[in-house]
Amino acid sequence: MQELVNRAKALLADGTVARVLGWKAGEFAYDPEPAFFETEEDLKDFVYDGFCGANLSKYMIEASKLEGKTLVFLKPCDSYSFNQLTKEHRVDREKAYIIGVGCKGKVDVKHIKEAGIKGIESIVGADYPNPAETLEIKTLYGDKTISYKDAMLERCHVCKGKDHVVFDEQIGESADTVDAERFAEVEKIEAMSPEEKFAFFRAELSKCIRCNACRNVCPACSCRKCVFDSTKFDSAQKANTTSFEEKMFHIIRAFHVAGRCTDCGECSRVCPQGIPLHLFNRKFIKDINTFYGDYQAGEDIEAQAPLTDFTFEDREPGQFAERG
Amino acid sequence: MHANNQAEKIKEISGVNPYKCMKCGKCSASCPSYNEMDIKPHQFVSYVINDDVEALVESKSLWKCLSCFACVERCPRNVEPGKLVDAARQLVVRQRGMDYLQADEIPELLDSELPQQLLVSAFRKYKR
Amino acid sequence: MQRIGVFVCHCGSNIAGTVDVKRVVEAIRTEPGVIHAEDYPYMCSEAGQQLIAKAIEEHKLTGIVVCSCSPRMHEATFRKAAANAGINSFMVEIANIREHCSWIHKDVEEGTEKAVILARAAIAKLNLDTPLQPGESRVVKRALVIGGGIAGIQSALDIADAGYEVDIVEKTPSIGGRMSQLDKTFPTLDCSACILTPKMVEAAAHEKINIYTYSEVEKVSGFVGDFKVDIRKKARYVDSTKCTGCGLCQEKCPSKKAPSEFNRGLNTRSAIYTPFAQAIPNVPVIDTENCLKFKTGKCGICQKICAAGAVDYEQQDEIITREYGAIVVATGFDTIKLDKYDEYAYSQSKDVVTSLELERIMNAAGPTKGHLERLSDGKAPKNIVFIQCVGSRCSDGRGKSYCSKICCMYTAKHAMLIRDKYPDTNVTVFYIDVRTPGKNFDEFYRRAVEDYHVNYVKGQVGKVMPQPDGSLLVQGVDLIDNKQIKMNADMVVLATAIEPDPSVRNIATMLTASIDTNNFLTESHAKLRPVESPTAGVFLSGVCQGPKDIPETVAQAGAAAVKAIGLLAKDKLTTNPCTAQADILLCNGCSTCANVCPYGAISYENIQINDHGIREERRVAVVNNALCQGCGACTVACPSGAMDLQGFSNRQILAEVDAICR
Amino acid sequence: MSLNNEFKPKIVAFCCNWCSYAGADLAGSSRLAYPADVKIIRVPCSCRVNPMFILRAFEKGADGVIMCGCHPGDCHYSTGNYYARRRMTLLFSMLDYLGIERARTRVEWVSAAEGVKFSQTMNEFVEDIRKLGKNVRLEDLRCRN
């Protein structure tokens, strides 16, 4: 981690970059947050460890408007989002100095809490580059442990790979963390009866408090003004009502990012209610892959996105109805 | 559809869509065993379309095809009749309760110039 | 707030028979915005229209809803009536209560109920209507024709004869195209050059036609009526204003080893050359790849002997920029490469030739001076085999899936000509089908069989095998006799598939004209707009749109010309106001919309924006209203909802949905 | 005429101006009856149909939504229906994934000459929706307290 700080200091010092976009230590060990650092002094709060799951690419939209270059640290999966944003002209590649930083899987306190560990005071073992196999947690109720793997984010279990798709330089090693099938969850739901599917999603969506965290964190939801905030569709609503958005919000949101979502998993990470929102996006990704050929958003800036493309032989919308 | 099972099975085994054929005859034009055959390569396609698999199965052609795949290579419509021949053979092999050749039939078929190895491989191929 | 008048038509008993019109009138009186409502037996009649005009004046209406027949029938009528009465013609909505209601329902209760709902939807939409004004754009009174073959020449002549200036851009040193390479033409057998050269001369002499040969289109911007085109005039190294076309330079040029493009590489030409004797302009070009002066710096003979002093080794490419109102694409075709068809031995034997090569062999100006002879040994062939559909109708990835259309006829022509001139030559044609739909076409083919005894064999050739004695062993099949045929031939002619000239891809991209998987330019409508590209102002002439013979090409060239003339004849273009519009405050500049626009109507500009106090430069989408046809593909592709369609806005359609589901 | 007099489904049909709307007109002028439950909204092209419109219809109580466009290859704007086809394929697959009855949404390509097909399609669709009954699932996807 010190290597990252040293490099940041050097780049600030020689004027290559005007500021650094990284992670800043939070109140607790498990809540570092994205932050801009403008001076060497600021960098004393810089942190990079297993809790730095936050994808910094979306912050580059604002950073692109600022004077001078911004040094940004991107994990391999974050680099896809950055590429996608470049493709959509939302970030300026010229305004970014990208350090592709290694990643050995990111953990989340949500999973620690789900394991029944409450009253957390400190957590040891989430360091980068050498995370421990087991996290040691001091709590109000005594010392607890959880394996690093069990605390890991869902997206790390189905990691896209260790390569950065865009970078100026790379620092640090990455680890292979894949131990699950990317579409296994989606397939499980697909295999359910309509009644079971409906019951599953109703139970999940009924938790939604419409806090907009998923939208606000999503690098694909980068619109200057979201359709849910504009008058263009008579759909502007912020309150948690029982009407339109509460039923349709997540469907529409998933559709809006279909073909553009890189599957970065931030939506599920930040949802305070623990709704597995990635299941929506991943269903679209799976469909796109099966119907129109494999496509990974953010991988190739030149590739035509599936929804702005077609072939004469595309399947008909009714075609999968006979599936059974 | 009056598809009898055999024709469907041939289509399934071969993966051939006989309806793609435009009857150009390039398969027959390419076939080195053409003169040995009673049902010609291009006819295989129409036999399958017409569900007359029985005739195919009983034809001499089935065992005259060298599987050189010239017809597969040159077919302009990707119909590839050679695959139909092969599928028909498989059909026969799968269905037959008995061997194609019985051991006692062999002596009269023997040709002194025939290499031994061919016999062995023929047994492998046609024995159930 | 709108002031809406609703007019319910009886259409005699067509509507009133199943819909209680009086009840409809009463039911919608209380709808938001409705000031006035009435019914009348025939709204579309003069009296009905006057009724509407009177109501507009009396009640100061801002918009009207007419509940009547399909808008496809009378929308234009009522729009005009509204405009005459002083309101914007786009403040008119039609509720289709005849075709979509009274005519399909028998129960009056049901019909009336539905009519009310349809009227409500129209009222809800009208409440959100805004007056729209058709835009105007200028028309530059000049046309560009890309390609100088028979298609391009014909289009250019027709446009020029109508009094408009035309520029032809041709990439080779002369106009004339493929037709200039042909010997005779079917079905009349007149000589190709005899009918083509007068046309070439006419085009060159026409005061309204300007020909740029040895030139290529480099860049296209603008839109219908107002294109701006950069043309690259490649350096000829010969000053066309000085050259007299005496031909001495070509005679004296020491470098004579370059394969002749015009003769399909069957013989050679000099490094300074005109492609053929009747070339227009009759000004040679220097092929720098073969010229000794350019390769070694030594030589310069042509310059020395040129009495006119026209040879100029220092000449440079020149880019000229011209403006056009209409563009006709006539880029033509070439034959496909045969490298994937090893079985025909094309690359192994000189005596296996394509039909276009045979044209040159048969032509008096060709490599054999018109004598039919084998290119390997110069002997007269006694047995000739023609093979049809080489690379045509192939869905195996080696050739083209389509029928090249011209081969059946030209093969009949070749066969007939050979049998006529060399009666002791045997001609066999292997065919899959003989396709001769066309005036006097089948008669022509039958003549080949009946009068000239050309041997037509239904079946294909599997393999052509060159023999040690120089003959060719052809192995084919006769499907009628169910026999395999092995025959010796002295010459094999392949009816090679044609494909659009490869340069068309680049041109299509520049024009944003769509192209199909085979590189043929797509027409706007397969049946009803066959010579127009979906890109407004771009017209299609000849084989660039699909395989065609000469008469069809000329007919289409004329049709394309008429469409171009129709455009050029206008002083101003009025544009459909129902176009897409980007809300610059919402636009992300993400380019998604441009990706789905079939007309290339969307571009991006960096502009200074004041977004509620935030002043910044943003990349935003700008719709060119002259190009946009109003399909709405962009509106759905737009993630932020910045793109909307005037006349069919998001809120309007949602209002209709709401009214129907109420 | 209808099998079930109790239930009158609300059905929204989006029809493109050039083919399907004209097909519906032809069904009308040929007097080919289909239930009055179907109400048609005219759009310039099937590619103008935003998934939001379809969801909005369901939200406002529609029991079925059908979209009709030109046959692939015949689009007046040449490519619109190809985009629409992908959009609807994905949207319908998602609705299926959420457990919403598949038969409530449908896409049909109807040309201007296919009045018979238009009428048949609508008859079938209404029949399907009647069998399914009222659309409660989308209404109920989120529990109300």
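Just so it is clear, A, B, C and D label the chains in written order, and each chain counts residues from 1 on its own.
Just so we're on the same page, a residue touches a chain if its C-beta (ideal position, glycine included) is under 8 Å from a C-beta of that chain, and two chains touch if they have at least 3 such contacts.
Computed from a predicted structure; not experimentally measured.
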| item | value |
| --- | --- |
| Chain pair showing more contacts of the two, B-C and C-D | C-D |
| Chain closest to the middle [Cα centroid of all protein chains] | C |
| Between chain C and chain A, distance of the C-alpha-averaged centres to the nearest whole Å | 47 |
| Chain centre separation in whole Å, for chain B relative to chain A (CA means) | 57 |
| Computed distance of Cα centres, chain D from chain C, in Å | 35 |
| Residue list for chain D, restricted to those that touch at least two other chains | 51-52, 56, 73, 79, 83, 87 |
| Residues within chain C bordering two or more other chains | 596, 637, 650, 654 |
| Where chain A touches two or more other chains, by residue | 227, 233, 307-309, 312 |
| Inter-chain touch pairs (all) | A-C, A-D, B-C, C-D |
| For the chain A and chain D complex, residues of the former touching the latter | 186, 189-190, 192, 194-202, 205-206, 208, 227, 233, 235, 242-244, 246-248, 251-252, 254-255, 258, 280, 283-284, 287-288, 291-292, 306-312, 314-321 |
| Of chain B, residues touching chain C in the complex | 20, 22-31, 34-35, 40, 42-43, 70, 74-78 |
| Contacting residues of chain D [partner chain C, same complex] | 1, 10, 12, 17, 21-22, 24-25, 27-29, 31-34, 36, 39-45, 47-53, 56-57, 60-62, 73-74, 76-80, 83, 87, 119 |
| Complex contacts: residues of chain C adjacent to chain D | 70-72, 96, 98-101, 103-107, 110-111, 113-114, 117-118, 121, 514, 522, 524-526, 534, 578, 596, 598, 629-633, 635-637, 645, 648, 650, 653-654, 656-658, 660-662 |
| Residue ranges of chain D in contact with chain A within the complex | 51-52, 55-56, 59, 72-73, 79, 82-83, 85-103, 105-107, 137-144 |
